[in-house]
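See below for the structure under consideration.
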Amino acid sequence: MNDLTILISCPDQVGLVTNITRILASHQLNIIAMREFVDEQNKAFFTRIACTGVFEETEKLKEKLLQNLPDEAEVTLITKKEKQIVVLVTKEYHCLAEILIKNQFKTLGANVKAVIGNYEELRDFTEKLGIPYFYVTHIDKDKSQFEKQVKEIINQFDADYLVLAKFMRILSSDFVKDYSGKIINIHHSFLPAFIGANPYRQAFERGVKIIGATAHFVTDNLDEGPIITQHTTHVDHNFGVKEMIRAGKEIEKKVLLEALELIFEDRVFVSGNKTIVFK
Amino acid sequence: MNDLTILISCPDQVGLVTNITRILASHQLNIIAMREFVDEQNKAFFTRIACTGVFEETEKLKEKLLQNLPDEAEVTLITKKEKQIVVLVTKEYHCLAEILIKNQFKTLGANVKAVIGNYEELRDFTEKLGIPYFYVTHIDKDKSQFEKQVKEIINQFDADYLVLAKFMRILSSDFVKDYSGKIINIHHSFLPAFIGANPYRQAFERGVKIIGATAHFVTDNLDEGPIITQHTTHVDHNFGVKEMIRAGKEIEKKVLLEALELIFEDRVFVSGNKTIVFK
Amino acid sequence: MNDLTILISCPDQVGLVTNITRILASHQLNIIAMREFVDEQNKAFFTRIACTGVFEETEKLKEKLLQNLPDEAEVTLITKKEKQIVVLVTKEYHCLAEILIKNQFKTLGANVKAVIGNYEELRDFTEKLGIPYFYVTHIDKDKSQFEKQVKEIINQFDADYLVLAKFMRILSSDFVKDYSGKIINIHHSFLPAFIGANPYRQAFERGVKIIGATAHFVTDNLDEGPIITQHTTHVDHNFGVKEMIRAGKEIEKKVLLEALELIFEDRVFVSGNKTIVFK
Amino acid sequence: MNDLTILISCPDQVGLVTNITRILASHQLNIIAMREFVDEQNKAFFTRIACTGVFEETEKLKEKLLQNLPDEAEVTLITKKEKQIVVLVTKEYHCLAEILIKNQFKTLGANVKAVIGNYEELRDFTEKLGIPYFYVTHIDKDKSQFEKQVKEIINQFDADYLVLAKFMRILSSDFVKDYSGKIINIHHSFLPAFIGANPYRQAFERGVKIIGATAHFVTDNLDEGPIITQHTTHVDHNFGVKEMIRAGKEIEKKVLLEALELIFEDRVFVSGNKTIVFK
């Protein structure tokens, strides 16, 4: 007996749930938990099904599902296997530390293969926790050279996801395409407010009473990819820029780690520029 | 074409989802949203299914479902019809007002038929908003006399639910049994902390930094029925008992109204002494 | 014996607290609570002092304080007297209802003198609760005519504050100047995100996981006045525009009422385009 | 020029603020921020004053303050000097890791001198981050022997505070007295709910919709010391005991670290069995 998670997305039509559950039953699979959602705007259907059963024949099952679903259907069968990730950083420690601590104590739900930094600040800490650290400076290079080097390192590791844990370089369209749907970023702002540089200064100048952070998939459009999780926290007139940054860091790590947990448990679908999150 | 919500609870066994969805398909019903949960502790299965379709034959459908489900299965078919409620109050206005305002502007999801109070304080306000107010004092009566009078009023109205909106009398076992699963209370505390009288004074004396409120179904055990919703809010040393009560009232009305919304949308199952809430 | 609240703002300099407290002592005033803040950016000092004592001579006290403070100092002495407000509305009831309910039960901290609406939708409800309702349509008028009529009504009432409770007309610079620092608005968005029309549709299209609302003083710049309070609430992929609006209304009334409570207790200073809020 | 934080607690009487500020002025101290609170129940006055100035003579200043305040006054003058702490643990890593990470990156506001554990599980991680780890088993010892050994280690380090970061042994009255007001504990529950062992199982059995955690000073009464900070988080029917524990850990570390930050910035007074926290 074993666990299987099935993710299906396809154009919506009548009878999908019945169709799918009939096929699962014919394979002696027992449905433990099932979530589905219809995006009415895009007429798209999404389901996440957790099953138990005996399945030597996942390929046959996938084929059968595809035969009985609309043409554009995407079917993913996931047997429990830990995700592999590579983390990209610059100088700030707070998100990286949260990831590496959970990695160290086996509660991350993924396995950190490597950390890549465009500065050396975080090498010492990373290596103390037994993770290889790769330094690739962006200085005196054009972006394509820099990204080529980064890719060479990433590609050694067969990573399921790249996590930008306060990585402060903007990635090119080409880079993003190469890892489409696989790059997760933490944005130091409650998007769409305060897009771009220095959001905490912007927040301070505006006198806001709340700051927030946003975890999102990275797409071509800077700060505009599908949002996965967001949280906010209250600030007041006593907060200068420095205090806002400190409070912001606490929110950033909370938001990023929550997004990662959801992704590593295969709970997040992307639909256009939005996400569907089956919590 | 019409909307139908189906609620099913039964002992868990393999193939329930498949069984159910097959029957729905054979009745040409299209599943819009489906939520299910298996209570592993009690080996119980719960599902809420929202469908569209043509169904002159809800009775036949119900029968067919019951035939194909375990013996103890409960099946409820709900076509969109507004719930009817009676509200019981004592002297405090904050929960009642929130209910009557939403009732007035047709955003409550239910229809307030009457308000019953054991004091006269809230008559004027209730009647201003066009709702009949019934005064039944508990003074100089034993509990059974008091409750008999209350029941006589309730029973005029064919209410789906009784809402205790800061009703400060403890109801007898007999009364509770007569409306089993239909009485919702707002408890002025974050249960199970500070059970009983004067929770805000208890909270103040203990120096807590958070207070809360709990909406729950009423059962025989005072303050011990299945919890539907809870929220908390921060307090600090500046809060005396009076300020705690004021903050508590804001939480109480928020918690109660959220619980009512969930119940009126048929999203709440009771399983033993707990609830399953399909948000 | 009596209560007195003293508000002082002035350029910051050494010794202000000592100076002020010495003068209060010489008037036999006992300080119950004192809050102060120095805005380092603008070198400005703000204090709110709650005292008890006997003070037939508030004018003398004010004069003495002014003599001993920097030239630009502003000193306000407030003896407990209920604030008077006029509320402006359009069609949505949720903020108005919250205000009128608290007004009805004497827990608003202010007294609603009148409601002015540019539609008739809310007349019936307002009048049921005994508050005069004035209808001024904006149709077939230019803005200055419309505002002239509105002002004539306001000016009958000697209002301390104007509350825009989902009033959907943009006020002219001239109007705003006439009631400078006295107009409070609830903005249906977490400013500065989604400025302008249809923020919930914008939020829906962007796929945000949080929505919020902002209470602010109204200044010349639309949506850009000093922020008083903000709150957010989580949403997810199940929320369409309609559900976002419903959730948004709950946040809007919470944010507005919290702002009003702070203002009516004289806890809010404006400093440039920000507020200082002594909670 | 230098920073000085002054903490004063004493029986309340008229004129305290004036008295105190006059003395500070006579020492050429400039008040940057001042917070005060009167505990009406206990007729006690508390103030925290942040000043700048030149003060070779802190002893003289303290003496002068004491001479001019009621007899039982306590005056503490704090010049900026990092707090020293010792952390006690058992097997769970989450609170310890948060403390050691902030210690490593100098953002804790204190300096971790040592970690003492009654198991060996956390030695490896602690030493990786360069902090000495002392193992003292409680097995085959009576409590007084165990605590004697723990004290010997603590006393090597001249610690300002002992932090119980999920330390699962109950300390004796004698031990607690020796470090009176200096021991901070994180309690795995929203006190006063679910006191004692296995709170998450209790929470699960009760079907609560919220769990929380409490940081408090340790006193003789188990789980009954003055509460410093509390937070809660929502749970639902999908949470088994395991998921509640996981969610609980996130709250525990947040609550503990927030309490430590407040304590290390000298923002917390204890008054009877409550705290006054000047945020």
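Read from first to last, the chains carry the letters A, B, C and D; within each, the first residue is number 1.
Methods note: a contact is a pair of C-beta atoms (placed from the backbone, for glycine too) under 8 Å apart; a residue touches a chain by one contact, two chains touch by 3 or more.
In UniProt terms the chains read A, B, C, D = Formyltetrahydrofolate deformylase.
This is a predicted model, so every value here is computed, not measured.
Asks: With contacts defined as at the top, give the pair, A-C or C-D, that has more of them.
Replies: The comparison resolves to A-C.
Asks: Let me spell it out: compute each chain's centre from its C-alpha atoms, then which one is farthest from subunit D's centre?
Replies: Measuring from the centre of subunit D, the most distant chain centre belongs to B.
Asks: What's the distance between the Cα centroids of subunit C and subunit D, rounded to whole Å?
Replies: Their C-alpha centroids are separated by 38 Å.
Asks: List the centre-to-centre spacing of subunit A and subunit C in whole Å, with centres computed as mean CA coordinates.
Replies: That pair's centroid distance is 41 Å.
Asks: Could you tell me which residues belong to subunit C and also touch two or more other chains?
Replies: 37
Asks: Which part of subunit D faces subunit C closely enough to touch in the complex?
Replies: It is residues 14-15, 17-18, 21-22, 24-25, 30-38 of subunit D that touch subunit C.
Asks: In the complex formed with subunit B, which residues of subunit C make contact?
Replies: Residues 93-94, 97-98, 101, 104-105, 107, 125, 128-129, 246, 250, 254.
Asks: So in the complex, the part of subunit D that touches subunit B is made up of which residues?
Replies: 37, 39-40, 190-194, 206-210, 212, 226-232, 236-238, 240, 271, 273-277, 279
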